[in-house]
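Per-chain numbering from 1; labels A, B, C and D assigned in written order.
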Amino acid sequence: MPKKTTVPGSLKNVTCPETGKIIGFQFDVRLPRYRGNMVSLINGYYVNVDGVEYPQDKIRFILNGKAPRTFEELKSAVWEHWNYRDAATLLVLKDGGLEKGDHVVNATVSNFEQYGYMPGRDEKRVADGGEPIVANPVGVGQSAAQSFVLTIE
Amino acid sequence: MATIKRGVSSYSYQNVIFDRKMGYRDFIRTIREDLNTDGVELIDETFINHYPFITDEFVYDWRNTIARYNMKSVTMDVYLDVLQFRDHVMTFEEGAERLKRDLHIAARLGFENVRCLRPIPAEIIDMCVDTAEKEGVRLGQEIHSPVQIRYDPEKDWNKARGNLVDERLVEHMLQRAEKSPFVGLVPDMGLFHTGVTPALVAAARRTIQNDDCVDYILENRNKLPWQDLKRLVAEKFPTIDTDAQITLSLIRPQASAKPEELMDIMHIILSIHGKFYEMVEDPTKPGGYYDPSIPYDEIMKILLEGGYDGYINSEFEGQGHTNDLPDDQMFDELEQVRRQHKMLVALGAV
Amino acid sequence: MAIHRGVSSYSYQNLIFDNKMNHRDFIRTVREDLDTDGIELIDETFIDDYPFLSEEFEYDWKDTIARYNMKSVTMDIYLDVLQFRDHVMNHEEATERLKRDIIIASRLGFENVRCLAATPVDVIEAALPTAEKYNVRIGQEIHAPLPLVVNPDTVNRLHFTAPIDEVDRVIEMIERTGTKHAGLVPDMGLFQHSLTPIMFEFALRSGCPAESVAFLKEKKGTMPDADLKVIMSEKFGEETVAKMARLITTQGSAKPEELLKVCPYIVSIHGKFYEMVEDPTAPGGYYDPSTNYAEIFKYLKEGGFDGYIDSELEGQGYCNDLPDDQMQDEREQVRRQHEMFKALGAV
Amino acid sequence: MPKYTTEQGTLQNVVCPKTGKIVGFKFGVRLPRYRGNMLSLINGYYVNVDGVEYPQDAMRFEINGKPPRTWAEIKQAVWEHWDYLDTGWLFIEKEGGLAKGKHTVLATCCNYEQYGYKPATDQARVDNVEIPSVGGAGHTSAALPLEMEIQ
């Protein structure tokens, strides 16, 4: 899998336009593969910043010019493609955002893209509506991503 | 071996669809789950958004859903709104262009047949045969009451009204079908509509508000030609508007053909519209159902005898008879279609 | 009759990921670096908005192929059976996807589609009318650990879903239907006999003790993988073995002479390799220390193979932990492989 | 045709964003059929609220994310589809709008959609714009009045 799946220089805090308050931070990610796949297959992201893991319900996924979506919402994007060379943005909700300066960011995708049928696991992946989002996922298209130091200017 | 197969037109579920309770995926799934059969007939403009600019996404998702439930896209029903351009009536050449586009759309969605309307002039059909062959989609013209199967100029309802509908279309299509297997007919079983259903009678009583009149019609409708009955009703009940839709429905049977006449066209039937108005329990066969207005026992007997090999697709049209009632007293379209399929199976469909 | 050379876009995956090579650069590079015409495409790498292929991409692809006088040989297609999330795609749905991919391949001018080894044979058979109509051959990938020849001693080491006798099933279907539009795409990893230097270096950098790497180098191939794993676990501990697991279990599943059995059915070939090393016996020449391409070419010629072998470089994963300037130069690696192909008789 | 084609809960007054004054009212309608059709075929609506009929030139029709259009403009939309399940909005110009509370709203569509050729009426429908009537035209029969409320 490619090396830089977290895009350097993309980390920044996000301000709510109405209140002017910082509601979280965001950074860009790339598909850790050699091809694109349907957006519906993105099951979630393991996100760890400076040792803090962020739960799935605090993460929003931004791609294809659409409003931020939850991973639950991504499940219905069954005909929408994540084009291989496009970066998606992960928006992490965190009041006050991150401090200025360097942060160690790890973002590892849980991707249901796979090489055809895997009886047993297929049904489980459908029924569970997902599987644990972990730092070291197993399977085609997913493995631990490298951590990167990103800076908030 | 020839078999009569079962399917459903999306027309049958029109209230559920209108209420946005049934999308096209639900429609397809319902046929599989409710009826354990595979025939799908689609009214094009009910589900194809942005028609005629069908999206790839719709094409792929339609085909995928058909594959998911192991279904078959049998017939797509297409229309011809000749006033689309508003500054002129569509010419026959323009009508043919529209029909050719519809054949292409049907091919992309994987349909075997396109059903075009009965008022389509034979000239338009002729202009489209090449396209039908190229796209691999058969072109079936609907025959719907009051069109006759065996033409009698005395009974030419359309000619009497100056309509363009050529009631000799059966004759014309038989000739054309000799030259191309991609041309045929889609008969609507309303052709054999003779009776009345309980829901129609109840609707008539609510609307006409004159039980004597309704009873008089019911008593005499099988004894007299309907034109005579209409005249007698007008004389006997001067306050009743005999041209009102509901009154006419009660007086006039729609039938313009007899089931045995299906034999004349059996070999060029592409698919069948299983028109029905209400399925009621058969007192002689508990758990069995029949439509009191259309003789399906006779129809199915003729189809089996004639070796019809194809689909009969439910077309439930009774909704109008209960639309004035509170929601919970309106027809349950899913249940009505389930009952019709029970009947079709009992009468020999697979 | 000849063995032609081509490249799969898989080989340049890092360059493509880094936005340093688009589809035009890819096609031009194959012509300019290698003076050959064979193009193999991973569909979802370059086709934006897949499966809704735009006319703009279609026209630009075909124009670029024409501009450099190239040939669209094989398009590699996939089968993400969980696309719909609320159910596992059934075989009829998989057939619909395959048919769509055939039409996309046809629009782009490809001769073949390569479907996955795990694609059920009944799905391929159901798509044959479409393949025939669009004149695109469906080639099923045959990838290690699938064997080419199954005998009573064959051990089933499959980690994906396919019957162990997949090859025989495809051939049976082809013979039964008489189709000219289905075949096989063997991946040369089938014949991998050894590990390569970059793999050992990777293991060392991952923190495996030098003696464990030396032991692996010495013993790999001398005994079944499962036994090797047990011995190494005892000797060097579970943690080390976990780091080397991929190396311990990587191995071929066929012998080059078995190509004679499948030659008539080959649609195109994946020229899988991890690294090309200078041949000490022939200065300026290169060879692949993991796979005996001389043997492979011998049997391809003997079997009368007439078609393309497309480079598929897969060594990137063993150097992605290095600084950029020490990573594999994908273009150089492919150039070296093509030097070898020519030396072995490819045109 | 479906039972109610006027959508319950959609009646509201419309405020001009510039002046802040109420310039009329609007409500949602659905195609009174079992399929969609080209927008150009919508000839107009008969609209009657609390016994008051509104003229065609007081109406604008809003659909497909475009600004409200006159019937003459709708007539030009010969390649634009009114997708079957979509709601269209009838805007009626009326200074001050409707009073708060309940209103009886009747809206009958005059649709030129039909089953192919009808030589007896086709050319006439092209030459003369029909005045939408309470009974509807063609397949569009009389709609049911609906009691709606402005909050």
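As a working rule, contacts are C-beta pairs under 8 Å (C-beta built on N, C-alpha and C of every residue); 3 or more make two chains touch, one makes a residue touch a chain.
Please read all numbers here as calculations on a predicted model, not as lab measurements.
Using mean Cα coordinates as chain centres, the one most removed from chain A is B. Each chain gets one centre point, the mean of its Cα atoms, and the points for chain A and chain C are 29 Å apart.
A separation of 61 Å divides the Cα centre of chain C from that of chain D. Chain geometry summary: the mean Cα position of chain B and that of chain C are 54 Å apart. Shared interface positions of chain B, defined as residues touching 2 or more other chains, are 57, 60.
Taken residue by residue, chain A touches two or more other chains at 78-79, whereas all remaining positions touch fewer. The touch graph of these protein chains has some other shape, matching none of line, ring, star or complete. Inter-chain contacts, as defined above, occur between A-B, A-C, B-C, B-D.
By the touch rule above, chain A contacts chain C in their complex via residues 1-4, 30, 34-38, 40-41, 75-76, 78-79, 81, 83-85, 112-119, 122-123, 125-126, 146.
Per the touch definition, chain D reaches chain B in the complex via residues 1-3, 30, 34-38, 40-41, 75-76, 78-79, 81, 83-85, 112-120, 122-123, 125-126, 141, 144. Those residues of chain C that touch chain A in the shared complex are 10, 13-14, 16-19, 42-46, 48-52, 78-88, 116-120, 160-161, 316-317, 320-321. Residues 56-57, 60, 63-64, 67-68, 70 of chain B are the ones touching chain C in the complex. Remark: chain A residues 78-79 touch chain B in the complex.
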